[in-house]
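The data blocks that follow each hold one structure.
Look for chain A in each of the two complexes below; its partner is chain B in the first and chain C in the second.
Moving on to the complex of A and B:
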């Protein structure tokens, strides 16, 4: 256990000792806050204190500059000479994920769903566990923490399962996401050189780039955790087969969605239950506004969160009406129609999130049906090789989504005869090295 | 009012809220066992149960419900102490 903690500390130290020290300090704080909440007669007081401190840390590192630059702008508009200084801080790696887990831990103790961890080594191992450092999953302490007490022994089958997960994740990241990234970066980086339906294609490709990038990372993180003998939250479940926006958020970044459900939507909707259906609409709007803010300190993400909040609010209000409409269609037609509408919304929503500024969003949506420059639509400078390989990657993802009962590929490969299995491994490695983008690009979700 | 009586009365509320006339709940029944029991219907059901028994759950109580039995126990303690 000490070695594992050391590995995590070394992992975090790559991004600077300053960030590591801050994370260690927050870990120490939450270790004692958990014990304090458990002992207190009135648990609400220490819980409030713990939540405020955690939120404050996130605010300082992630939102301070955005918030006070907006305040400065407002004051200058009003001709008031107040100038809040900007901070030049380096955000510790994974702090957004870290804080969510810390808040969840403290709340669970207050709700008596979790006992405070008394062993600091276990506690620090859980919080600093390096496979989930960069992009989660936002694992619940009650699920992951007990696993640090289990004795881990060498298990060949477990290790090979983890390695296959890592290979699949690498394939999605390097061959699919980063290939699609060339086209997406070109379009979104030079928006005003393009117009017309190419924006739809860029949004379409970005949706798959994001999925391959994020789910690829998750497979690698799960693979590393599996090798070490841990099981973590599965963050994706065929998101493009979602039949509603609500369903989409039950399939995409599941650990975050369920966190938001447990700690924001559920308490707010129950607190406002006397408002009837509007209590839930209010709760879902607040939930997604916070989700947008969590994703990034910018107006783009605030609007993106609101857009999703409005969509889910609409689905709550029209649930009965939509059910009666769908009864007029066959089950398959209703399902396919719902998947198509949800998928279009997903592309629009991610187009929104990918744009750099609100002005870019306006430019994209006002020019998407501008057909004045058809010759320039596909003249992007991105090679046909990248486009074809990226498109084949999209097709592969779609096939895996449409395939109703996808067999467990990991298990299927494990059960192949040894010669076939190792031939497959060699082929997979050659394929990734040959067609992957080995340039060391970062992960999209790590910025959140 | 006994636990069984409370369960019977809750069953009628569940059937109405979840629009399922053949639904038969037990003390161990949880949201995983009923298709229609989503977050939307959960809140509606809580409001209906509160109205029916003329009680008010605390937020912490509602959040602690793991199954129907947990809710029945709290209703029982509230109606007997009233």
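Moving on to the complex of A and C:
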């Protein structure tokens, strides 16, 4: 257990000792806050304190500059000379995920769904567990923490399963995501040089880049955790097969969605239960507003969160009506139609989220039907090879998502005859090494 | 089966799989890429590619070349050098200084510019540099891998092992990073991205190469056109460098003191016995090969080096024949090359500094020429 903690500490230390110190301090604080909440007769008081401290830390590192630069702008608009200073802080790696886990842990103790951890080594291992350092999953302590008490033994099958997961994650990240990234970066980085449907193509590619990047990381993280003998939250479940926006969020970044459901949606909807259906609409809107804010300190993410909140609210209000309409179609047609509509919404919403500023969003959506420069659409400087390989990656993802009876690939590979299996491994690794973008960028979701 | 046996079995299988992957990837690279020759030797960066293209154009007229690092790129002004050596012969020099260049990568440059190329060259100045290792920031980049072949790898390993001045942990780090880079090149890591990246850069450059000014001789950045610029943010970098230096010139002063101490020690033969024989033999054989091709090599010690450079390169420098070496690094002899007035930043000279650097080089070169003329040098 000590070695595991050391590995996690070394992992975090790569991004700077200052960040590591802050995370260790938050870990220490939450260790004691959990004990305090458990012992208190009025648990709400220490819980409120713990939540405020955690949110404050997140605010300082993630939102302070955004918030006060907006406040400064507002004052200057009103001709009032107030100038809040900007902070030059380095955000500790994975702090957004870290804080969510900390809040969840304290709330669970208050709700008596979790007893406070008394062993600091276990507690620190849970919080700093390095496979989930960069991008989660936002694991629940009640699911992961007990696993640190289990005796880990060498398990051949488990390790090979983990290695296959890592390879699949690497494939998605290096071959698909980073290759699609060339096109996406070019278009979004030079918006005013382009016009027309190319923006939709960039949004379409970005959606798959984001998925391959994030789910690729998750597979790698799960693979490492599996090798070490831990099981973690599965964060994705074929999101492009979602039949509604509500369904999409049950399949995309599942650990965050369920966290928001447990700790934001449920309390808010309960609080507003006397509003009936509108209470749920309100709760879902607040939940997604916070989700947007959590994703990034910018108006783009706030609007993006609101957009999703409105979509989910619409689905709640029109559920009965939509059901009656879909009854007129066959089951398969209704399903395919729902998938198509959700898919289009997903692409539009991610096209929105990828823009750098609200002005860029306006530019994209006002120029998307501008057909004045068709020759420039494909003259992006991105090679045909990158476009073709990226498109094949998109096709592969779509097949795996839309093919309902897709077999468990991990199991299918494991059951292949040894010669085929080894040939497959060898070819797959050579393919990743030679067609992957090794000198590429970092993970997209790590910035959130 | 016991757990320990299963563990051994797994490790063995992983090792076997790694070997299979390396063999398969190398085979794919050998069969598909090397025969296709889809990349020119200088593809790795716009700076090197542009210089190679410009040099190609001028190949029939250029008779003197200077190969080295950014110190050379920003220090050697061919126009100044040519004007000062005009009475001796009709010189036409070219500056092939490239950022971050050092041994062993420079051997690859020398192979392609001097040895694998039919040219009109009579003289080649080669900056002497310490054995470089791939630092963490550059590990896995194309620049760290593109030039590797087995010959360079063998030289690198032998030279690092032979080095008496390199600390053991630096040796280990160097050998590891070089091995990783070599392996990455051997298996064609990232190959298609590298090819497409080059194709993209090349298509962007397009015909703009035709707009390179006729008098551009490789000195400093080719600023103005972002596609043509041989150094991204060249002007901006100069401004930042000067600003930093004006705020604090202690680093430059330290380099001056370091140079003075290193050459004072060398005069007393301190440390000169630590010659890296592998490196020296490479330089001697290189000298011979160049002379066989009618190119007279002169190895140059450039100013503003660091401690490791002096420790490793000074014994080599003094082991080379006098007629094949020029020292412009000694701050006792050329204190002006360490002054703020002639600096662009701590390690590089500005335009005025380059003029002085080229003037000193021309004077030293003329001394060697006189010796050659008088018959004191037979080669």
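Worth pointing out:
To be clear about the criterion, the second predicted complex is superposed on the first by the 447 of 448 C-alpha atoms of A that agree within 3 Å, B and C clash if a C-alpha of one lies under 4 Å from a C-alpha of the other, contacts with A are read in each partner's own complex, and residues count from 1 in each chain.
Here is the rule we go by: a residue touches a chain if its C-beta (ideal position, glycine included) is under 8 Å from a C-beta of that chain, and two chains touch if they have at least 3 such contacts.
For clarity, every value in this text was computed on a predicted model and none was experimentally measured.
When the two complexes are overlaid, the chain among chain B and chain C that reaches more residues of chain A is C. Of the two partner chains placed around the shared chain by superposition, chain B is the only one that A:280 touches, whereas chain C remains out of contact. Look at A:319: by the touch rule set out above, it reaches chain B but stays clear of chain C.
Judged by the touch definition given at the top, the superposed model places A:33 against neither chain B nor chain C. When both complexes are overlaid on chain A, the residue A:112 reaches chain B alone and has no touch with chain C.
Looking at the shared chain after the overlay, A:386 reaches chain C, while chain B stays out of its contact range.
Put simply, chain A uses no single residue to touch chain B in one complex and chain C in the other. Listing the residues of chain B that touch chain A in their complex gives 39-40, 43, 46-47, 59-60, 62-64. Partner chain B is touched in their complex by these residues of chain A: 111-113, 261, 265-267, 269-271, 273-274, 276, 279-280, 316, 319. Contact residues on chain A toward chain C in their complex (touch as defined above): 153-154, 156, 159-160, 179, 381-383, 385-386, 389, 422, 425-427, 429-430, 433-440. In the complex of the two chains, the chain C residues touching chain A come out as 3, 6-7, 9-10, 17, 20-21, 24-25, 28-29, 140-142, 184, 187-193, 195-196, 199-200, 203-204.
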